Amino acid sequence: MSKREVSVDIETRRAVEAIVLAATEPVHPTVMAQLVELPVETIDELCSQLAAEYEAQGRGFQLARVAGGYRFQTHPDAYPYVERFVLDGQTARLSGPALETLAIVAYKQPVSRAQLSAIRGVNVDATLKTLVARGYVDEIGHDPSPGNPSMFATSRLFLERLGIDSLSDLPPLADFVPESSVVEALERGLLLPTGDAAEADAPESNLAAGTARDSADLDLTGE
Amino acid sequence: MSKREVSVDIETRRAVEAIVLAATEPVHPTVMAQLVELPVETIDELCSQLAAEYEAQGRGFQLARVAGGYRFQTHPDAYPYVERFVLDGQTARLSGPALETLAIVAYKQPVSRAQLSAIRGVNVDATLKTLVARGYVDEIGHDPSPGNPSMFATSRLFLERLGIDSLSDLPPLADFVPESSVVEALERGLLLPTGDAAEADAPESNLAAGTARDSADLDLTGE
Amino acid sequence: MPYEVSTPVFEGPFDLLLHLILKEEVDLWEISLSRIVDAFCAEVERMDHVDLDLTTEFLLIAATLVELKARRLLPGRDDVDLDEELMRFEERDLLLARLLDCKTFQDAARVMHEQLQAASRSIARTAGPEEPFRSLAPDPLQRVALDALVAAARRALAPKIVEEVQTAHIAPIRASVRDAIDTVLALLPEHGAVQFRELTYGVTEKLEIIVRFLAILELFKQGMIDLEQVENFGVLTVRPLAAGERVALDLASLEEWGDEPAGPRQSGPAQPARIEEQV
């Protein structure tokens, strides 16, 4: 929503609404700026204003900024009624593995098949194939490194499907870095003996009780 | 414009606006009446009311009754802007799926709907309809095989638009290089018959399986 | 997807390891070696078909864990090589880093899924311009270069990879009816009936299921059990006959089956034939 009201004449408002309505894909604000001969910023502000009006008036449509442009789309609340107008295949769900692979591509792009497999710990060939076939991921070229691996990145369609304007609208990956309790749990789970005197001195200590932590463990768990 | 105000809840208003926005063709009021479970008269009154609101608010779009149904269309006052936008070709893009389907028809013709769907891996009904409506693809008759499927081929217009004289001017696909993943899979010995292998071994194999090319394709691609 | 296993799904070894450590909230060092091995083996066995890459990865991680744990259990050694020591920490840190990566993207994927779901509730208008604008628009095909069409054809016609694992090097499963009878007898309750499905619980090989079926046919023939199937393709119920109802198991007649499950005998007895009609 815009911070300040822009005052444009009714002709410009009409033009912007009409252009977006006539479009078949999101319209970049520069295109509209050229057509109505106004700065891009004004278009952006006008669009925010229009979007806010629709929302305030309880309209069944929204003016959304998606994949770099503006488009009309139905209001999510009306979904039960418009479901039947969804084109076939659009609603097909992605499997868990496909989603995880997609998430890695989204945050690590450009990324090679081998890098994806390394992170997932499984072969991603089939999953990647699905994502490419569905148009969420594109092969964008080859890396100059040895073997010239194909590199993959998310597509424009991915942004559209996610309903976001650009990749920078993705929540930062830092948000998902496991919290310290999880890290600690993992560290504890993978605890390594140091082979020092601690164990030799107390070979009988009760492992199961988790009390026989040596100094290395203390460092890891921060106790 | 309605003689009297109808009072419907915001959910119904939203639903009607959303349905008309999502539809690609005018929506008959009886369809909406069924979806929102209200009498057709109420829908008609609601639509008149919405149309009046848009007009009063100076919107760039109208809710118009066309061919027995309702659709959103651009406001006549915005005509010059929409005209320039459209003339710029901003609305004239073949979608990825449409282009792929057209390409398959070009190289595989004559081809049935089922064969196209099998190759694309998705239902092609809507896409094919668009291509036929645009005049790129013609229905050229029925195959004598069981079910007598309609067969499709590219049109003269298709050749004209692409700037070629005949189908034989289409670049051969013979220099087709399988992508690296296919090569890798071949090396691992994990691959089922590829297009190339299947061509050589079984020129008559079933197109619908999506893996083999028939002899007609060899003529096109065999150079 | 290489694996679409029924719940709970562990799509890879990291998945499983995360589950073991986080969901079960256990210290891997506090649970027995055999439990770790069992969990990994169970997951490998659960896989519908064999993916050598994935299986290898599972086994590698399981082996790493077992090795780390085994070291932990050994009494302290004074002769520890410093390099070896460092390597162990490196191994562990590597595993830890990969687990953290895995967890991070799992969570990111969950949020992305919610976002996709939410976004899919809004449908973009695609109707485009109405007439007369529609006819004003330049023909979209005019904007398509021949190259683009060829590229689209190649994309669309590219052979689709269907993963199929060569199994020539895998030893064939040998399942004998005799063994299956023993297994079935052990699984049968003292009283009451069980479904055939329960007698094949956890069995993934089709061949083994067939052999178990042959085993219950044989037991039926021997008068050890009663079979009931109410409708075609319906539930097949197996009920052991009480001691008074049955005769002694005639092991001698089993020789006919040999060790190879060669299918029902041609000279099959009356009872199995009746069952076949019901099946």
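Per-chain numbering from 1; labels A, B and C assigned in written order.
Definition applied: a residue touches a chain if its C-beta (ideal position, glycine included) is under 8 Å from a C-beta of that chain, and two chains touch if they have at least 3 such contacts.
Predicted model, so just to flag it, every value in this text is computed and none were measured.
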item	value
Smallest number of contact steps required from chain A to reach chain B	1
Per-chain Cα centre nearest the global Cα centre, belonging to chain	A
Distance from chain B to chain A - Cα centre to Cα centre, in angstrom	28
Chain B-chain C separation of Cα centroids, rounded to whole Å	39
Inter-centroid spacing, chain C versus chain A (mean Cα positions, whole Å)	30
Where chain B touches two or more other chains, by residue	18, 21-23, 72-74, 82, 86, 91, 93, 96, 121, 179, 181, 185
Shared interface positions of chain C, touching two or more other chains	123, 125-130, 133, 160-161, 163
Chain C residues within the chain B interface of the complex	123, 125-130, 133, 136-144, 146-150, 152-166
Chain A contact footprint on chain C (complex, rising order)	1-4, 9, 11-15, 18, 20-22, 25-30, 51, 53-54, 57, 68, 71-73, 75-78, 80, 85, 88-89, 92, 95-96, 98-113, 115-116, 118-130, 133, 160-161, 163
Touching residues on chain A, where the partner in the complex is chain C	21-24, 61-62, 64, 66, 71-76, 79, 82, 85-87, 90-91, 94-100, 102-104, 106-107, 118-123, 125-127, 129-130, 160-164, 170-171, 173, 176-178, 182-183, 185-201, 203, 207-208, 210
Chain B residues touching chain A - in the complex, by the definition given at the top	10-11, 13-19, 21-23, 35-36, 58-61, 72-75, 77-78, 81-82, 84-86, 88, 90-91, 93, 96, 121-123, 125-126, 179-181, 184-185
